[in-house]
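What follows is a group of structures, each given as C-alpha cells.
Shared between the two complexes below is chain A, which has chain B as its partner in the first and chain C in the second.
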Partner chain A sequence: MTNGKAAGTRTEPGGATASGAAGAPRRGVASRIVGRLGGGFVQAMLVLIALFWLVPTIGLLVASLRSTQDNAASGWWTVFTRPTELTFGAYSALLEKDDFVDSFWNTIMITVPSTVLVVVIASLAAYAFAWMEFPGRDWLFLAVVALLVVPVQVALIPVAKLYGRVDVGGFTMFGSVTGVVLFHVAFGLPFAIFLLRNFFAAIPRDLLEAARMDGGSEWTIFRRVIFPLGGPAIASLGIFQFLWVWNDLLVALVFADTGSQPMTKWLQSQMRQFTGNIDILAPGAFLSLIVPLAVFFAFQRYFVQGVLAGSVK
Partner chain B sequence: MKAPKDGVPPAATAGGAAAVATADGTDGPGGRRARARERLAPPSWLAMLFLLPSLVVLGFLVVYPIVYSVIRSLFDASGDSFVGIDNYTGVFQGENNLIAVRNTAIWVVVAPTVTTILGLLFAVLTERIRWATVFKLVVFMPMAISLLASGIIFRLVYEQDPDKGVGNAVLVGVHDMFAGATRYPGAAPRGGGDQPVRAEGGGVVTAAPVQGGRSALLPLVRVRPENLPKDAKPAAQAPAARPGQITGTVWFDFTRGGGGTPNVPNAGETGLPGVTVEAVRDGKVVAKATTRADGTFTLRDVPSATVSVRLPADNFTAAYRGAEWLGDTLITPAIIASYLWVWSGFAMVLIAAGLAAIPRDALEAARVDGATEWQVFRRVTIPLLMPVLTVVLVTLVINVLKVFDLVFIIGGGDPNANVLALQMWTVSFGGGNDQGAGSAIAVLLFVLVLPAMLFNIRRLQQERR
Partner chain C sequence: MAEVDLTGVGKVYPDGTRAVTDLNLHVADGEFLVLVGPSGCGKTTALRMVAGLEDISEGSVTIGGRVVNRVPARDRDVAMVFQSYALYPHLSVRDNIGFGLSLRKVPKAEIREKVDRAADILGLTDHLARKPRNLSGGQRQRVAMGRAIVREPQAFLMDEPLSNLDAKLRVQMRAEIARIQRDLGVTTIYVTHDQTEAMTLGDRVAVMKKGELQQVAPPQELYDRPANLFVAGFIGSPAMNLLKGTLSGDAANPRLEIGGQTLALAGEVLTGHPALASYFGRDVVVGIRPEDMEDAELVDAPDGTTLTSSADLVEAMGSDVLVHFAVEAGQVVTEDTKELARDAGTDVLGGLEAPHTVLVARFSPRTRVKVGDPVTVRVDTGRLHFFDIESGASIWGSDAGPTREDEG
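Moving on to the complex of A and B:
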C-alpha cells in the first residue's frame, strides 16, 4: 500500500508543467481510493486516456501535412518512422482557393459582430434586470431563463420565412451575413443575459448608490461602473459566444448562401467525397479549429468560468 | 487542479467582492437609506429602454418563431391546407423516421449517462494527480473546437481500411497480437486421392496418423503470393524428431516455373511461417506449435500413441480487418463515442468543481465513524455531488436532443445514423422541402426540452429564496 502511494506522488511525464496540484496535499475520499488502487496504475490509465483524447486530433494534423499520394497509400502514423515526407503543400493549395479564403473572412465577419452585439445588448438588459425597478421584472427574467433551452431547430423555418420577406432595395436578409449574425445574437442572448445578470447583481450596492448619489445618469453608471466591474463575466461570455458562433454549422447551413458562407459550411460542402477530398478537408478543418484552440488556450480560465456559470445551451 | 479553482462561477467570485464591501461599508440603519434608494431609483421607462434591444430581438427571432412553428406544424407541406396532427403522427411512421426516433431515444439514454460517468471518473481520478491540469486541458480541449472539425477528425479515425483509419489499425494490432497475424486465406491441400493431407472442417489434417518421434509433411497449394510474409524462407526438411516429439514442415508446395516433386519440399519452394499446428488425439488438442520461417515446426510432449496433425481453420480465414465502424449496426455507437470525446471534459470540469466544494469535515466525520472509503464515496460524496450531477445530466440531455453536426458529418447521410434533429433539417431544408413535417419535429424537440426548462426555472427560484 505504501508503495502505491509513493507511486501516486511520483512525477509523471508532463508533471513538470502541472502547477496547481503541486500545492498542499488534500486527503479527499477520491485520493484515498486512488491510493488504494495504486497510484501507478491510475497514472498509467490516465496517460492512456489522455492519449485517447490526443491521438485523433494529432491524426488530423499529421494527415493535413502529408501529400495526397501518401495519405492514399498509408496511415498518418507511418510518418513517425519516416518524418521527412511532411509538406505544407495541402495548405498552400487550399489557401489558393478563393472560395475557401472568402469563407474564412465570412467566418470573421459573422463571428465578431455577433459577439460584440450580444455582449452590448445583453449587458444593457442584464443591468436593467439587476439594478433597475420595473413592473414584471422577475417574470420577465424567468421568461429569459426559460428561453435558455429552446432548441435552435424550432426557429429555423419561421426565421427563414421572416428573412425571405425582408427585401429592401436589392438587399435580401435571407442568405446574408447580417441574417446569420442576427440569428446568432438572438440565440446567444438568453444565456448572455442570465450570466451577466447574476454577475452584475453581485456587484456591491454601495458602489452603485454612491454613483447615483453623485448624480451619475444610468448610462454613465452602466459605462463607468458596471461594464468595467463586469470584466471577467463579460470576458467569459465573449469567449463563449465567439466559440459558439465560430463553430456553428447548422445556422450557416440554413441562412447563409455561397457568398456569405463561413468556413464550416464551405468545408461541409466538400464532405461528399471524404477519402478523395482529405487533402482539402484535413487542412481546412485544422485551419478552422486553430483559432478556437488558440482562444481556448489563451483564455481558458474565462472559458471554464463560462461553462461553470450555468447550463450551456 | 487549476481549471476548477479558477473556474469559480462568476456569481461566487463577485459574491466574495460583495462580502468584502459589506465588511468595510457603512450599512447604517435602514430608514434613511431606503428613502434615498427610492428617490435615486431610475424610472421604469428607462429600464424598458435598456431592455428594448433584447426584447425586440428575442421577440422576433425566438418567441414569435415558437408560436409560428406550432401553427405551421398543423399544415401540410405547401402550408395551405390544415392537416391537424398528421405531421406529428408522421414522425412515427415510415422506416427512416422510426430509425430517427429510435436513435434519438438511444442517444438520450446512453450519451448523457456515459458522459456523466466518465466525467465523474476523470474528476475523481485526477484529484491527486500532479499533472491533473494537463490532463484536464487535454480532455476539455475538444469543447473548444467545432463539431464539424470533430466530425472530420472522427471520420478519419473510423476509416475502414486499417492502413488509413487509426481505429481499425489499433483493433487489428491488438487482435493480431493475440491471434497471430499470419494467415493464408484460400490455401488448401492439393486435390485428388492419395495426398498426405486433406481438408477438414475449414482446416487441414494429415491423412494418416502420425507416431511420436516421427516427422510429418504438410504441403499446401493455392497460397496467394500477397499473403506470403516477407520473412518466409525456403522450405526445409523437418528436423529429426526425438522421442515424444513430432516435427514437420508446412510449405507452399509449388515450384515457380514448374518441376519439382509434389509433396516434397523441393528447392525453390517456400516455407509458410506463423502457421498454428496442433496434435489431436480423440478430438482433443494435446500439443501445439507455430511454424518457423522455413515452415518447420516441432510439437513437444506428444503422447506415445498416434495422433493426427492438424492446421486449424483460423490459419485460413481471411485476415482480421477491424470493425465496420460506420456500418449499419455500429454507426450510432461510433458517433456517440465521438460525442463522449467532445463532452466528457465538460462533465469533468463541472464535477471537479463540485468535488472541490465538498466540505472536508463531512468526509472526515464519516471516516471517524468507521466508514470504509467506498462507503464514504457512495454515501457521502455522491449525495453531496447530486445537485452537480443533475445539472450536468440535464444540460447534456438538452444538448443531445439537438445533436446535429456530428451525426450529419460522421454519418454522412446514412439513414441508420439518423436522429430527429438531423431529420428536421433534412425534411425542411436538405431536400425534403416539407416545412410542415419539419415544424412538427422542431415542436416535438421543443416539447422534449420543456421539463429541462421547468427544471431551470425551479432551480432559479430556489436560489432566490
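Moving on to the complex of A and C:
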C-alpha cells in the first residue's frame, strides 16, 4: 500500500512530486478525495448501492408470495401501496411437483460431491505443490496454472463425445449425475489448486519443520497443521465452488438428462414463450437461493484474519 | 540422552554452494555445546543436518550410537527450538507443548501430566489455555522450550532461540536455559552468533568460519588460548586488538617493536610461548585484549610496559571506561580479519595509508582521561597473544597450543 503510493507520487509530474519533496506526508490522489468526502457520505452511497442491488431479489421474494391472479393483475411493487393478501400457495404448489423435488435433490447430489471432491483433492495437491520435493513439480504446477485459461465451452463437445462412449453394464456417463459431477470437479480443480497452493506456500516453513521434528509424517502435518491453518482459504474456496456448481446451467444443459437435471435446468425448462409463469419461476428461484445463503453463513465464521498470528516471532 | 557425533560432515547444496566442510565434533552425553560464528558460517546448516531437516552431503551424524544419515527427522528423537519459535497458531499453549506427544500416541492422561510438569518448570502454568498470539515474546519462547522439554528427547537442538527477544529478556532467558539444561542433563547443541551467549552457556564452544571449524574448547580456554586470529578476534567483547609488531632482542631480553614504541617482554612470555623463539627479527601479529591494558597513572608502570598515544574517543560504561587510541603500527589484513570486519560491519583499511591502528583499552572508571588527552597505557605484557602473520595460527609451543583442526 505505502509502497504503491510512494511509487505513484514519484512518477507523478508536477504538484504531487513537489509536495512529496517538501516533506509533506505522501498521499495519493484517491486517498485525499476519500478523506475530503468523509466517511458518512461513502457509507450512505454504499447503503444505496446495496439496496439497488437487492431490488430484484426483493421483487422476486414478494412475487413468490403473491397469488397468480395478483401477479397477473399488477406489479410486485404495488404491494407497498396496496397491501394484498400474501400467500405461500405458490410454494406449496411447487413442492407438490415431483419433477421439481427431483431436480432439487439432483442439485444437491451434484453440488455437494463436486464441492467436497474439489476441496479435498485440491488441498492435497496444493500441499504437495507447496511443500513436497518431487521431480517436475514446478513444471506440473505451471501446467495446472495454464489449465486456468481453458474455457469450459472448449471442452463441452469433446467431453460429451467421450461420455457417450462410456457405457459400463448399462450405466451411461452421458446424462448421469456422475458425469456432471466429474465435469465440475475437473474444471474446478485448476483454480482450486492454484488458490490453495499460494495460501499454503505462505505458511512459514518453520511451522512444518517444527511439526516434522515433533514426529509428524507428511500426512499428519497436512491434517493437523496445514489443513487447520488453511481454514480461511479452504472455506472461501468451498463457498465459491459450491455457488458455481449450484448456479450452473450450461454444464447441466449439456450433460444432464431429465432424470438427472438440477433445478437450474428444470426452471429453465419451465419458461414459456408467451405466457408468464411467475408462479413457478419466482418460488423456484427463491428456493434455489436459500441454500447457498445458508452455506455462506455457515462458513463465514472461518473467514478469520490473522490465523498465523503468534506462530513465528 | 545421548552422545552426538559428527564425523567429516559436509554440506553442498544442489547449486554447488558449499556450506559446511569436513566438520568433526563430539558432543558428550549431557554436554552443552555451542556452535558460534558470524552469519553464513554454516552453523545453522550443521544443526539442521543433525536435526534431519537438511540432507547430509558428506560424512556421518551419529546420535546415541546410531548413524542417522538416512533416518527422517521425526524418527531421530531430537527436539529443536526454532529461532522463530514456530508455534502452532491454531493450538493452545497446552496443545502446542503436547503436540509431539499426541503424535506419538501417548495416552491423554500422561500427556496432561507431562505438559503440566513442563509448564511448571517454565512458569507457564497460568497460560496453558491461551493461544500463542496472546503471549508475549518471552512466553512464546518458553512455549517453544516446553515443546522440546516435554518430549524428553535424546538431544536438544537450539537455533538462535534468544535472538528475537529484547536485550533484558535475553539475559534472563539465557540464565533460564542454562538452568533447565543443567537440571535435565540433556545433550544440547546450541547455535548462536552472539559470543556472549556462547561463552556463558557452553560447556564447550565450537567456533566456525565459512563452514570450517576453527576451534572447540571450553569458553575460558577459547578466551585464553585462541587457536588463530579468527577465534581471537571473535571471542571477547570489545574484541582483541590485533596489530603488526616486530619481535627483537634475544631470548634473554625479548622486545616487541610496535609502531616505533618498544615493549619489553617478560621472560615468562618465552616459557609460555616456546615457539616464539624462532620468530626473533620477524614480524608477528600481536593481540592485546582491551582488559589487559590500563591507564598507567593508576597502576605501577615500569619502563617498557607502556604505549603512549592520545585518546581519540572515551566511552564511559560505568563499570569501566573504553578508551580508543591509535598507534603507528600496521593493520593486520588477512582473510581472518577481513571476515571479522565483515561480521562487525566495518571495513579493514588497506595498506595505502601510513601504518595506523586504532586500539581499544578497558580502563578502570577511576581514570581521568578525556578525549584528546595524551594517554599512557600500561600493557600487561605477560598476557599478550602472538600469531603467525602468514597462517594466522596462534604461536605457542610446538605442542602447547591447540592446532587449527582443519587447516587447508
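Some notes on this structure:
Following the convention adopted for this analysis, the second predicted complex is superposed on the first by the 236 of 313 C-alpha atoms of A that agree within 3 Å, B and C clash if a C-alpha of one lies under 4 Å from a C-alpha of the other, contacts with A are read in each partner's own complex, and residues count from 1 in each chain.
The rule we apply is simple: a residue touches a chain if its C-beta (ideal position, glycine included) is under 8 Å from a C-beta of that chain, and two chains touch if they have at least 3 such contacts.
In this text the structure is predicted, and so the values were computed from the model without any measurement.
By the touch criterion defined above, A:P204 lies against chain B and chain C together after alignment on the C-alpha atoms of chain A.
Contact with chain B, but none with chain C, is seen for A:P232 once the two complexes are overlaid on the shared chain.
In the superposition on chain A, A:F80 makes contact with neither chain B nor chain C. Contacts of A:F171 after superposition on the shared chain: neither chain B nor chain C is touched.
In the superposed model, A:W139 lies in contact with neither chain B nor chain C. Once the two complexes are laid over each other on the shared chain, residue contacts for A:R212 go to chain B and to chain C alike.
Across the two superposed structures, the residue set of chain A contacted by chain B and also by chain C is 204, 206-207, 209, 212-213, 307-313.
Listed in rising order, the residues of chain A touching chain C in the complex are 204, 206-207, 209-217, 220, 224-225, 228-229, 231, 306-313.
If you check the complex, the residues on chain C that touch chain A are 51-53, 72-75, 78-80, 82-90, 99-100, 103-104, 131-135, 137, 140, 147, 151, 164.
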